[in-house]
Amino acid sequence: MINKKVADVTEAMQGVKDDMTLMLGGFGLCGIPENAINNLVKLNVKGLTCISNNAGVDDFGLGLLLHKRQIKKMVSSYVGENDEFERQMLSGELDVELVPQGTLVERCRAAQSGFPAFFTPAGYGTEVAEGKEVREFNGKMYVLEKAFEADFAFIKAWKGDAAGNLIFKGTARNFNPSMCGAAKITVAEVEELVPVGSLDPNQIHIPGIFVQRIFQGKDYEKRIEQLTVRQRS
Amino acid sequence: MLDKIGIAKRIAQEVQDGYYVNLGIGIPTLVANYVRDGIEVEFQSENGVLGMGPFPFEGEEDADLINAGKQTITTLPGASFFDSSLSFSMIRGQHVDLTILGAMEVSEEGDIANWKIPGKMVKGMGGAMDLVASAQNIIVAMMHTNKAGESKLLKKCSLPLTGVGCVKKIVTNLAVLEVTENGFKLLERAPGISVDEIKKATEGHLIVDGDIPEMVL
Amino acid sequence: MINKKVADVTEAMQGVKDDMTLMLGGFGLCGIPENAINNLVKLNVKGLTCISNNAGVDDFGLGLLLHKRQIKKMVSSYVGENDEFERQMLSGELDVELVPQGTLVERCRAAQSGFPAFFTPAGYGTEVAEGKEVREFNGKMYVLEKAFEADFAFIKAWKGDAAGNLIFKGTARNFNPSMCGAAKITVAEVEELVPVGSLDPNQIHIPGIFVQRIFQGKDYEKRIEQLTVRQRS
Amino acid sequence: MLDKIGIAKRIAQEVQDGYYVNLGIGIPTLVANYVRDGIEVEFQSENGVLGMGPFPFEGEEDADLINAGKQTITTLPGASFFDSSLSFSMIRGQHVDLTILGAMEVSEEGDIANWKIPGKMVKGMGGAMDLVASAQNIIVAMMHTNKAGESKLLKKCSLPLTGVGCVKKIVTNLAVLEVTENGFKLLERAPGISVDEIKKATEGHLIVDGDIPEMVL
């Protein structure tokens, strides 16, 4: 068993520098690497390019980095529910590459899996396809999209072990699995670091080979963005 | 004239037994509440869940269990969770039978715009570009006109597109329309709405063929 | 819950006809859809094109169909350990398309996922790349490969429910998940059909949306191809 | 001269702490037995397992648990199972650190042939084409000459290729060689084998630079 365990978030973030490209898992605030994000704020690294479906909200998640102007460029599919994100984008302070959600995840998976490029129908005939090769297959039009390149991927999982094996929970899985191994270094934080051998090998979502560092996360807030309930009748 | 719930109720009639359905944010989300009894339908949300149930009871919400609108949800027996990659395999691979989403504009050729107003507003396309480029059955739920009273059913979209030639059917507060090779074909009128009112509110080419029935909700 | 359960293999095979293209899961004899294969022998459909990593052994798995000359063409990555397969191929009786294993599974996944084509490094500079587009990305050469098209996919899983949800076991997983939803109709046979709601939604390998028919398989032989053991010291 | 076990032992010396290793069928499979103590290594098999252990005890074999050579295996703590797609993501995405495989021929440019003899024999490439096209560190384990005594280290491969310019190192029954821009560079001699014997058995360009040490097993 190859040991990926590091002591804490500080050790896990070793090597993160200004102007790097980072991938960050999560959808909205669900399944985001809270420990890594808070440490990026603390480290105060600047000029970051962040690949993440959303940019958090104004005062949580990646929104914290936006407020501190640590982010040079966001690569995301959705800006809604983050006024500061939209404001910085419209004012031109922030460079934003908007990518269709399915293309966004597949560009991560392509990096993870050694595919340089793939054809997808998403975005054909729109701004997204501008400057890209398009081609017809079986009577339908497709756009050639390329794998991402990133320095670090920050991943949040539910359970993990020192071998780097990961299990996600519910819809907190989202982009996290496809970002594992899609950057030079993948850092996974977990709610529960369990002993090696206690995870069923048949039920591991991401094998440890895709993870370089793993640590037990702390103080998860797991904020709910849109609490929606029904009344008991 | 229909309200948002009326639109959702009318669209719910389009949902067939055995359908896997993806619902967008807003009016589409309401459709789930009005699917008729006795048919089997599963709702997919592109953030990674199939078999969504109703919203949770207060106090039973789980931060790790949301839909694509970031709302807390529950799951039904037979549900499954999966990553974004497999989720878009379902969508792009045309395993989802019906996609219902909102729009700012739809053109008579079936183009749709719903993610950006240059210089003013950018929400982002989220999963919409994948959905509209892939789905074989797309229904748009929207108001017939915008807040300024201008038609949202146009000859050509003025806003940046989400997808081209993809919308099949539109349900608005005024009408049900099919997108055909020759333009918007009027299928049904909302209760109390005349064909003339629909004509006035439609900038794109409207095809009125014979008597147009009033919709039954 | 959309019900995919059918009574038995006979009902599951409805619509299978001569000259169809079939995908069949399994690696060697591990995780092959035994019930479906035995039924194909019984149905005696001819002129089949079979996409499967291997073609079984002489007297088990797809080898049974080869012996009865039901297969016109095999699309596989490996022929070894099946003398009849190699003989029919060398004699020209059988049309064989050999595909690198990683490309084979990705062509299935592409069909499942709505990707018409992708670039992969496998096979560049070899026979496999002949007649195909090649292209350089970041200084490395890649081959453009296309999604498969198939009529039926026959899948073997460990556990499943009437909603079509599947869980695989050990290395019997192999090609099965990527073939689900990669053909017009996917037929899953399971060792154990469990009640809907008894599978943990977080641990389902393939959601039911990719499966059209599911049935409880019978009489699994699960033959071992290379029994290899160590001595107790 | 080395036997198969000797070749496996010598290759095992190349396995470093923290390596994920994919072993081909035949001699490469034996390498697992000789990895030195005290280092952490995990073995990947492309049919869908990481963290392979030794063969099972008799009676404990499981038909659902095999390696890519179709042999029954066991797993070690920390192991995982996955589908073929994710397995080749590991390989194609260069997450596997070392690939060891057999060959029929290797050229002085690092080309390899190991899947087909036209008109005579076809095994198929299995996962080998993906492995050799992807791996940054490929070691070939083979006999220096074929059964007819002809060299398998050639100027150009005569058989259909598995991959081009990919082999980095070769361990044979006679020698350890590195594939360089200028040809096969002789690194070590097998015990009791002279440089002349290696020269005679090598058709491709052999670089002999200074004294060539005998390998230490």
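By letter and in written order, the chains are A, B, C and D; residue numbering begins at 1 in each of them.
The definition used in the following text is that a contact is a pair of C-beta atoms (placed from the backbone, for glycine too) under 8 Å apart; a residue touches a chain by one contact, two chains touch by 3 or more.
Predicted model only: the values in this text are computed from it and were never measured.
A.B. asks: Go through the assembly and pull out the chains touching chain B as well as chain C.
C.D. replies: Joint contacts, listed by label: A.
A.B. asks: Count the touching C-beta pairs: is A-D or A-B ahead?
C.D. replies: A-B
A.B. asks: In angstrom, rounded to a whole number, how far apart do the mean CA points of chain A and chain D lie?
C.D. replies: From the centre of chain A to the centre of chain D is 36 Å.
A.B. asks: For chain A and chain B, what's the span in angstrom between their mean Cα positions?
C.D. replies: The computed centroid separation for chain A versus chain B comes out at 28 Å.
A.B. asks: Using CA atom averages as chain centres, what separation in Å is found between chain B and chain D?
C.D. replies: Chain centres of chain B and chain D, defined by C-alpha means, are spaced 55 Å apart.
A.B. asks: Averaging only over C-alpha atoms, locate the centres of chain A and chain C and give their separation in whole Å.
C.D. replies: Between these chains, centre-to-centre, one finds 32 Å.
A.B. asks: Listing for chain D: what residues touch at least two other chains?
C.D. replies: As it turns out, chain D has residues touching two or more other chains at 49, 81-82, 88, 91-92, 134.
A.B. asks: For chain A, jot down the residues that touch at least 2 other chains.
C.D. replies: 106, 109, 114-115, 120-121, 168-170, 201-202
A.B. asks: All pairs of touching chains, please: list them by chain label.
C.D. replies: Applying the touch criterion to every chain pair yields A-B, A-C, A-D, B-C, C-D.
A.B. asks: Can you tell me which positions in chain D touch chain C when the two form their complex?
C.D. replies: So the residues of chain D in touch with chain C come to 45-49, 54-73, 81-85, 87-88, 91-92, 111, 115-116, 119-130, 133-134, 160-165.
A.B. asks: Please name which positions on chain C make contact with chain A in the complex.
C.D. replies: 106, 114-121, 137-138, 140, 142, 146, 167-170, 201-203
A.B. asks: Using the touch rule from the top, collect the residues of chain D that touch chain A in their complex.
C.D. replies: 18, 20, 40-42, 44, 49-51, 75-82, 86, 88-96, 134
A.B. asks: Would you tell me which residues of chain C are touching chain D in their complex?
C.D. replies: 27-31, 53, 76-81, 86, 89-90, 96, 98, 100-106, 108-109, 120-128, 158, 168-178, 205, 222-232
A.B. asks: For the complex, give me every residue of chain A touching chain D.
C.D. replies: 1-3, 109, 111-115, 161-163, 165, 181, 196-197, 201-202, 204, 207-210
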